[in-house]
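We call the chains A, B and C, going by the order they appear; numbering starts again at 1 in every chain.
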Amino acid sequence: MNKLSVQKFLKRQETIISVFTLLVFFAFCMLSQNFGTDSNFQLILQQVAVNGICVVGVGVVVILGGIDLSAGAVLALSGVVGGMFIKQGMPVLVAILASIGIGMLCGAFNALLITQLSLPPIITTLATNYLFRGVAIIITGGSWVNNFPREFTKYGTGRIFGTSNVFWMFLIILAIVSYMMKYMNIGRKIYAVGTNNDAADKSGISCTKVKFFGYTLCGGIIGFAGIMYAAQIGAVASTSTGLTLGTQVLAAALAGGISIAGGRGTLFGASVGILMIGIIKNGLILTKVSEFWIDAITGAIILLALALNVLNSREKRREEA
Amino acid sequence: MSAEPILRTSKITKGFFGVQVLKGIDFEVCPGEIMGLVGENGAGKSTLMKIITGLYTNDGGEIIFKGAPVFFSDPGKARDIGISIIHQEFNLFSNLSVAENIFLDRKEFRNRLGQVNWKKMNEEARKVLSELGASFDVTMPVRMLSVREQQLVEIAKAVSTNAQVLIMDEPSAALPDNEVQNMFDVVRMLKQKGVAIIYISHRMGEIEQICDRVTVLRDGINVDVLDMKTRKIDDVIAQMVGREIKDYYPHTSREPGDEILKVEEMSGDGLKNISFTVNRKEVVGLYGLAGAGSTEVAEMIMGLRLMPSGTVLMNGEPVKKNAIEASMAAGIGYVPPDRRQEGIVVNMPIADNIIMANLPKYIKKGLLDFKKIAASTAEHIKELALKCNGADQTVLSLSGGNQQKVVLSKWLDRNPSMLILNEPTRGVDVGAKSEIYRLIDELANSGLAILLISSEVPEVLGISDRVLVMCRGRITGEYKNENLGQDVLLKAASGTTGGDGNE
Amino acid sequence: MSKVKNCISSYMKRDGNRNVVLLIAFMAVQILFFSQVTEYFLGISNFVNLMRQTAELGMVTIPLAMLILTGNIDLSVGAVMGVCAISLARMLRAGMNIGLSILITLCIGALMGCINGFFVAKLHLAGIVATIGTQVMLRGACFILTGGRPVSGLPKEFLDVAKWNLFGIPFTFILMIAAFVIAIFIMQRTSFGIKLHAIGYNAKASKFSGIQSDKLKFWLYVLSGTVAAIAATFMLTRFASAESAFGTGYDTDVLTSVLIGGMSIAGGSGNLLGALLGVLTIGTLRNGMNHLEISALYQQMVLGALIVISAAKWRKYKA
């Protein structure tokens, strides 16, 4: 029995992706002297923090059986709005709440289209991706929002125990939402709806309500990531911020073991996925591989992780039969 | 028996796509009573139960629970009030654990903040399952369970709600015989506690064994309520069918031709050493309860399912394994059991559905020959008396029987020498049913070999020339259909006769 | 003549034609609007321009529409175009024979299609997942191939292709329309169309009727890759240089055209005439908005709204 549970643990996608990430990490340590240093490690954590926060939100939506391609636009829009609040001299807390609020609105809008017009999530979020970014551009007139006061940027650039503030926030959000997904009734309902929409309806779980909750939560989390992005980078561009975020975060979630069909996988796995992508990007730059290789190699590794995911789940099925 | 019914329906009506499925049903069940609900497929049993549990809304009539009319906007409401159902198709979350599937979204297992008490949940789950005589890891995801265990989870789920009315829709379908008795013990235990149980089944043996009273539905109306203390199961069957069984199943005697299909030592995927033959001009019935493996046999013959070992021979020639095109080329046609998922493409017109399996025939110089398509679909529609507004009509709007005729046409269009029919009359109304039986008879007389897979004994006995019985992946009996009794088949199907079925 | 009429009427009876009618109306309104508010819109040179722009979009739309019809998707089209255009540009600059380099480019496109086909048809990865993966990877390859600098300095004979025309109508546009006519004809008059619809509506029932959907899907992806290579070739003759972002955003444009054309992303319903009209609508809309000096990002917003409206329409139509 014990052996079996060890086996089960080893076969989990989270384990596989973690081992894979560690291997990549050590490989880069060997390849570059600058990679294995403490300061570089801290840099990686800082770089993945914002995307990490986003992956928590998007992960919830994918577990719900949905998809969110509009994440990048929501990040930009909420970042822009929060940033403008700051520029108006509003207290930081108000700006943060405004960003979260905007994000939640965006998420709720997605949910509204998906549940009320019965549009497929992929179409909906593809369209709202344009829409939200358009709104961001209208608000800003297409220009950058930058030159924030120090009182604001210190939240993004500051460090606690040598590690970026934003990374700590990412860990806290990950912990809270993971706890919710595992131990709260609503979390279990999200898994249930993602696993089997019909069965949920028959059991008297309102899929509409659960979807609204999931998408709104996702929006809120990305909204928070948006303002943290502004604080960390010091600038938000309505046209270019988060352009590739949607696909990157989705890829990380899938590589980390969340099933595109919904109902399976954990946020922890997804977070390891985003960490893996961050490590690869950073490592490739440091090993002086031409920077042009970065995307290509990242894409190839993501595909590899996805293929592993599929092959792994296929073996499980055979075991059952 | 207490006289006051806990649940009563009055004049319930319901229609789909303009077809009236329920035509005013009166039904009642008392506390501490096991009420059987029987009827042919399509008689309206499942629809009635879905209305009682709030999954469908009725067009007319009312539901009276404990003397007061009730209305359920969603299934959760019915469950809260004390009406639970075990659906025929599993209603489980494959990714969630056993315990969660039993107790999902239940107030007892979460505090005011909505935190789930996993420890309590797992303990309770273990307790409920052990009451049912089962013991497996409740933290396991349900997708890892066997079909039988999943069924137990379903039962546990319903039992655990302290239901006052429990509806069991074909609860024994997936259970082996020894498990059925265990389930009966549970059902009787619930009865002792005063729960009203509605027991829906096709298996007359079970109905006879466990039910106090039986309500018979036919064509959307309730024909009769029989008290099983004084009436016999034959009365129930007579009421269900509504006419003499003899003319319902046309069966002309014929002399079978030479051997056409030979299956040798087919094994794997739960099957163990399946060998049999089918001759031209012969209807071979393959009888087995759900889970006996007859669908697996059909899909392996057809090349739709990986066949780990064994050979399929057509006319003495081995057929290439795991390739449906090879089986089709060898002259086999397959009418699958799940019509909507496997048989037809509901959004496409009748014509496209009919020619789907035989596209090359309609291609002239690389192009589709629409004249030929129109001519041949018109011919099929006429031949099978398919009721439709024309070949352009989408299959979606046809009745179950006519949809099945489309599937049959699709295969007949290939002029097959052998047809495998898997539950060809499932979800088909009585009229169309006897038409299909007549068609099968005619086809066999014209020289076709037919393998009829069915889990309905009267059907198998009614139209087969020879009967094979399967149980747990083996063939447990082979009989010539001469004065063959139902009991013989039932015994063989539950693995109680010798045959080669001994483990 | 009556034969033609029959063909048309049978075509109009098929699903997805409601969008065709709506799109024609929308086109009319749109053209009227743009011709009123901008002065250059109705000019001949603008129309030639418009045709050039929509030609490549239209070509790529054909295989993608077929893929969507089967319930699959290809989000890597733009990246495949990028890789093809850049490789072609490099080969040409290295002085390789034009015909040979184009041939090799087509092979590259087909190979990319094979990769997608392998993931989807063999490994049974969800189409969206696999092609997002290849998209990231191939876009990376674009950066590698260009080294960050645009590849230009292409031979004149090659660039002259862009000027080919027939009575002033650009050759590529004629080719695109011809391809659409042939594709519609194939979908309509051969068994291919029935197979695609059947797979999209009900993959299992198709399999149970002996239709080999995996094989078909694989070759559709190969076709998609090859056509992307062809489109990239023509686009390169227009642009005269290939940069690493070549073809970016093309996948969403194509997807939008198909969806606006009334095709369901769930597969099965819709038709190619709708897709063609979708392409023309988007082309005209973009062109008109350019004249109104509306920035590309606002244009995206309008397209997004259009997608939602047309997709919502489809849902109601089905119910």
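Note that a contact is a pair of C-beta atoms (placed from the backbone, for glycine too) under 8 Å apart; a residue touches a chain by one contact, two chains touch by 3 or more.
Please read all numbers here as calculations on a predicted model, not as lab measurements.
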item: A-C compared against A-B, more contacting pairs; value: A-C
item: Reference chain A; chain at largest CA-centroid distance; value: B
item: Rounded Å distance between chain A and chain B, as computed from the means of their C-alpha atoms; value: 45
item: Inter-centroid spacing, chain C versus chain A (mean Cα positions, whole Å); value: 31
item: Chain B-touching residues of chain C, taken from the complex the two chains share; value: 10, 13, 15, 189-191, 194-195, 197-198, 201-202, 204-212, 268-269
item: Residue ranges of chain A in contact with chain C within the complex; value: 67, 113, 117-120, 122-124, 126-131, 133-135, 137-138, 142, 239, 247-248, 250-251, 254, 260-261, 290-300, 302-303, 306-307, 310-311
item: Complex contact set, residues of chain B against chain C; value: 304, 324-325, 328, 334, 336, 341-348, 352, 355-357, 359-360, 362-363, 366-368, 370, 392, 410
item: Touching residues (chain side chain A, partner chain B) in the complex; value: 183-186, 188-189, 191-192, 194-196, 198-206, 263-264, 320-321
item: List of chain B residues in touch with chain A within their complex; value: 55, 74-77, 79-80, 87, 91-96, 100, 104-105, 110, 113-116, 118, 143-144, 269
